[in-house]
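When the chains are written out, they are named A, B, C, D and E in that same order, and each has its own residue count from 1.
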Amino acid sequence: MSDADKQVLLEVKGLTMDFGGLRAVDTIDLSISEGEIAALIGPNGAGKTTFFNCVTGIYKPTGGDILIHPQDKPTQRINGKKPNIITELGMARTFQNIRLFSDMTVLENVMIGRHCRTKTGLTGAILRGASVRKEEQQIVEFSYHLLEKVGLTEFADEFSKNLPYGAQRRLEIARAMATEPFLLLLDEPAAGMNPQETADLVALILRIRSEETIAILLIEHDMKLVMNLSDTIHVMEYGKKIATGTPQQIKDNPKVIEAYLGEEADA
Amino acid sequence: MLIKYTKIGKAMRATQQDMSMARLVGVNVDRVISMTFIIGSALAAIGGVLVASYIGQVNFYIGFLAGVKAFTAAVLGGIGSVPGAVLGGLVLGLTESFAAGYISSDYEDVFAFGLLVLILILRPSGILGRATKQKV
Amino acid sequence: MKNLKQSLAVSLWFIFLTFPLMVVKVNTTDNIVQWRWMNMLWVGLAIFALSFLWRYALARKEARQMAAMSGEDEHGKPSKMQRLFEDPAVRTKMLFGIMAFALVFPWVFDTYQSTIMISALIYVVLGLGLNITVGLAGLLDLGYVAFFAVGAYAYALLNHHFGLGFWICLPLGAVIGGIFGVILGFPILRLRGDYLAIVTLGFGMIVKVVLENWSDFSFGPSGIAQIDRPGLFGMEMNIAASTTYIYYIMIALVILTIIVTGRLKNSRIGRAWIALREDEIACVAMGIDMARTKLSAYALGACWAGMVGVMFAAKTTFINPASFTFMESAIILSIVVLGGMGSILGVILGALILILMPEYLRAFSEYRMLIFGAAMVLMMIFRPQGIISNIRQKYELKGLKEKSENV
Amino acid sequence: MEYFIELFLSGLTRGSIYALIALGYTMVYGIIQLINFAHGEIYMIGAFVAYIVCGVLTIYGFHGVSILIIAGLLAIVYSCAYGYTLEKVAYRPLRGAPRLSPLISAIGMSIFLQNYVLLAQTSDFLPFPSLIPDFEFMEPIAHIIGSAELVILITTFVTMIMLLC
Amino acid sequence: MLRLQNIHTYYGNIQALKDVTIDIEEGEIVTLIGANGAGKTTTLMSICGITPPRKGEIAFKGSHIHKLKPEEIVKLGICQVPEGRRIFPDMTIVENLEMGAFLRNDKAAIKSDLDMVFDLFPILEQRRSQLGGTLSGGEQQMLAISRALMARPRLLLLDEPSLGLAPLIIQQIFEIIKKINKENGTTIFLVEQNANQALKLADRGYVMENGRITLVDKASDLLANDEVRKAYLGL
């Protein structure tokens, strides 16, 4: 399949975000197509997380366009839409410093992700009729299958705060997937993981791509992971995008080496 | 003077602006917090004595209303901002006084809280407060 | 030895601290100073003992936290009592026992006891209502009593002016309470926890001030008297019978509240509330509409207060603004906090303990509020989850597990 | 116009007291992001201690301004001691706990202190001697601003200037 | 001078440092390099007592410091210039510098140190009463370094001084660091992502990966080592 056949899902044009005098994200262009795993890398403070926050509606960008093209639905411009609306439209995310609902069980955490795909209202919840019970059961089943997918079923009834670190990260991914996104945004999914956990994570992400039709955009510092996993890598520095390409192209890009290692040695 | 020039004043300001950095330059944060409570309490005591001798009576309950009103003033001015607290206090006092004098003294408290709600809706950070950006 | 010295220092400090208030008492009209030296001794001894306890409890808490951090302990494991409650056989038995006791109560005890029980039950419902707002959704509401007042006045006024009966007003009270909840909820949606607390406190006070001063509407501080008790097909009832009748209505209301809040808690909406309490940003990122969720929690909490307000007015047949002070809000809040935020069983127990204990232990009643206050502080420090921590529902997974194993 | 000035001055007096107490809230909030709900009780304890000291001193034959000064100083000392202890007992163990916990602890402390004073002393309103004399030079404008108000204004402004500028 | 011996540090239940051992000799410039999230900042915070290690020992001039409070550690002469500068935004430059000398009481010496710092960074003197928050990134970095110098440190810890700065300014900052080391004899422990620059400046270097030290060598040797590149780019 040639690249041209693949539908573009997310298209960001000239995205800019200013905080006071500081331009954290500076006219970024970026697009992600169906089935793609893309990575956003760059030194600390390059504006990667801010970019995520703009795309997912937590910040209102100061300039540019964010367009989504969900399958079978018209294109939409989502600048400054509320985060919950954006999630409903099909983009879900995880957080750099894990934000699970710590006093809820693992299963319930995933069930929260189903919220925007279900519709029981107040009266429904109180009367708990047959249709409501059925929906509840579906939520439980769907969530449980997601836990199977990320390998957390043994912890289903644990409080999420009692999970080991790597498992918490995977739970966040499962929770995001429960919203049935077409694009999953992962903010440093491997941060703080040990090599085994990281290997599991890579396997998980690959499985998500092969089994679902979810595109993935991830921010990551673990270069090994990024290089192994990504189809495309975007490099940011000082809020600007300095390179885009395949892992091989990025490795050989002098600008990237400079950004990472400092100015190149005289070699 | 205290806040601007003394050592404890500076330590207080530094702690307020960046607590862990203040520790990194050697500020004993626990002591600063204790001092803050002590200074605040001294001010409250001055207020308490003045008001008691002005109104001419004391009761165990006087602290509650005064506290709520003063807190309203602090929020009005922008909580966390020292000049804000002063400004907020004066604005609240004048509002109450004029509302009581020109409209109705029965509803003094209603005006005070009405003002608070209004400010919080229009400008949650208060008059002199700074909007805080939540980190994600 | 070191501990001894430390405790001695602490008790000396508290003797100094409490000296003017505990020891000296001035009578300015007769110009007498009363020196109560005994108090000083008591304070010294009590603080000396307490400081040991305090240190011990703090050390234990710290040890627990350390253990939790290295992951080798039973934090999160339920306490003995909790496990008992979770055992289904024990639970059913207990449930039957409690039901039976509740049903025969008015026939075994006299009217006075029933009256006390009714007011305890009123607080149970209030606690459960506030539990939705504070315990589940994490919105600290310090003016909850305002909604209670709204319900009570709604019934009193409708009854006074239009002769509307109790049974019409009961749902009406809930609706009006809920509407007030929405009206007051709207402007404060954007506020964070502590601001919310202070604004709700303000609302509570505004309602009271308005009730006190708007005499044409609310009959001012003198209140409204001769409110109808609930009727039963127009039967005439004496006080005792009608108390019993109200008692049963109250029992029904409590059961209704338990069922409704229990169902809500374990529904899609209840989960959204809890998620909101845990982490707002993650919550909206999961597609939950924050405004709607907050508003529903706020309004629903208000609903119960409104409804039980009607009940309150019908029970006492006389209401005035003095019944709706901040202290009431504080009591309801301490019920929720002490019982265990989010836990239905905990809140019920909390209400019964806090309301009944002062009634039956007269000596205790004088120190009631003092103990409430201290208990709130101590609970937050040593047992923030309350008497009974929130038990999360276990979902039916057996079938699912087997299915996936067979594949 | 005179009425306006009168209202203005009484508003200013009232406001300056609010400001004085509000400073305590704001400073604490600025540093540990906590609404010190019991701050109002510290204010009340200050007033109460002053009342007791005044009573004792009057009965033992002191009078005039000396009472005001001694009572004021002791009130400050005690309020400080209570504020310091309050933080140690009710807030310090909760450092790092979820946001709602210290707030509830603060509300608990407020209720506790109120009832502590109520039980140790009385629930009645007690007459506080008016310690501020009527100044003679104030007489021409006494209908606009009383001596006590003037003293309050001056004291609070001096205090605030000492603190802030 | 400073010795970290087999330290393990946790954030909550995440282990951030695993068995880290680092030695710093008096008068040296030692650098710790590694990718983002490797645990470099945590190492510094462990030294300073903000996130004390759960296991292992830290000794400064022979005495243990891992159980001391941050302010006591500062008093011993260990000062940190933290990541992201952490200037007190609502204080003027002079006030920020005075905060640096918070634990000192010798007024005259503070005054002369102030002049010394202003000599080092003349631009700070020009703006002496400007608020810290209104400075540019480079100026803030200069101020942060100066603030730490005001404590007369014997060991200066620098956390990513090049972060977010333009190359020319980085150059300038690094030269000053060298100067401080040479002229004041201050020992310097430099944490950097910018490996090339840091290794050029330092005498010795440590490479950190995933909370562990993976390489120790003379800086010039590390500069030529391909492993370093691997640690960064995952080649």
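The rule we apply is simple: a residue touches a chain if its C-beta (ideal position, glycine included) is under 8 Å from a C-beta of that chain, and two chains touch if they have at least 3 such contacts.
Being a predicted model, the structure only gives us computed values, none of them experimental.
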item: Third chains touching both subunit E and subunit C; value: A, B
item: Contact-graph separation of subunit B and subunit D, given in steps at minimum; value: 1
item: Leader among chain pairs (count of C-beta contacts); value: B-D
item: Distance-to-centre winner among chains (Cα means, whole assembly as reference); value: B
item: Rounded Å distance, subunit A centre to subunit B centre (Cα mean); value: 42
item: Interchain centroid distance [CA atoms averaged], subunit A/subunit D, Å; value: 54
item: Inter-centroid spacing, subunit C versus subunit B (mean Cα positions, whole Å); value: 29
item: Where subunit D and subunit E are represented by their mean Cα positions, the distance between them in whole Å; value: 46
item: Touching two or more other chains - residue numbers and ranges from subunit E; value: 13
item: Subunit A: positions in contact with at least two other chains; value: 58, 95, 164
item: In subunit D, residues with contacts to at least two other chains; value: 35, 45, 48-49, 51, 78, 82, 110, 113-115, 117, 121, 126-127, 129
item: Complex contact set, residues of subunit A against subunit C; value: 56, 58, 82-84, 87-88, 92-93, 95, 99-105, 107-108, 111-118, 120-122, 124-126, 128, 132, 135-137, 139-141, 144, 148, 153, 156-159, 161-162, 164, 175-176, 179
item: Subunit C - residues contacting subunit B, complex; value: 187-188, 190-191, 195, 198-199, 201-203, 205-206, 209-210, 212-213, 281, 326
item: Touching residues (chain side subunit A, partner subunit E) in the complex; value: 43-45, 164-165, 188, 191-192, 194-195, 221-227, 238, 251, 257, 260-265
item: Residue ranges of subunit B in contact with subunit C within the complex; value: 64, 68, 71-72, 75, 106-107, 109-110, 112-114, 116-117, 120-121, 124, 134, 136
item: Contacting residues of subunit D [partner subunit B, same complex]; value: 3, 6-8, 10-32, 35-51, 68, 71-72, 75-76, 78-80, 82-84, 86-88, 92, 110, 113-115, 117-118, 121-132, 148-149, 151-152, 155-156, 159-165
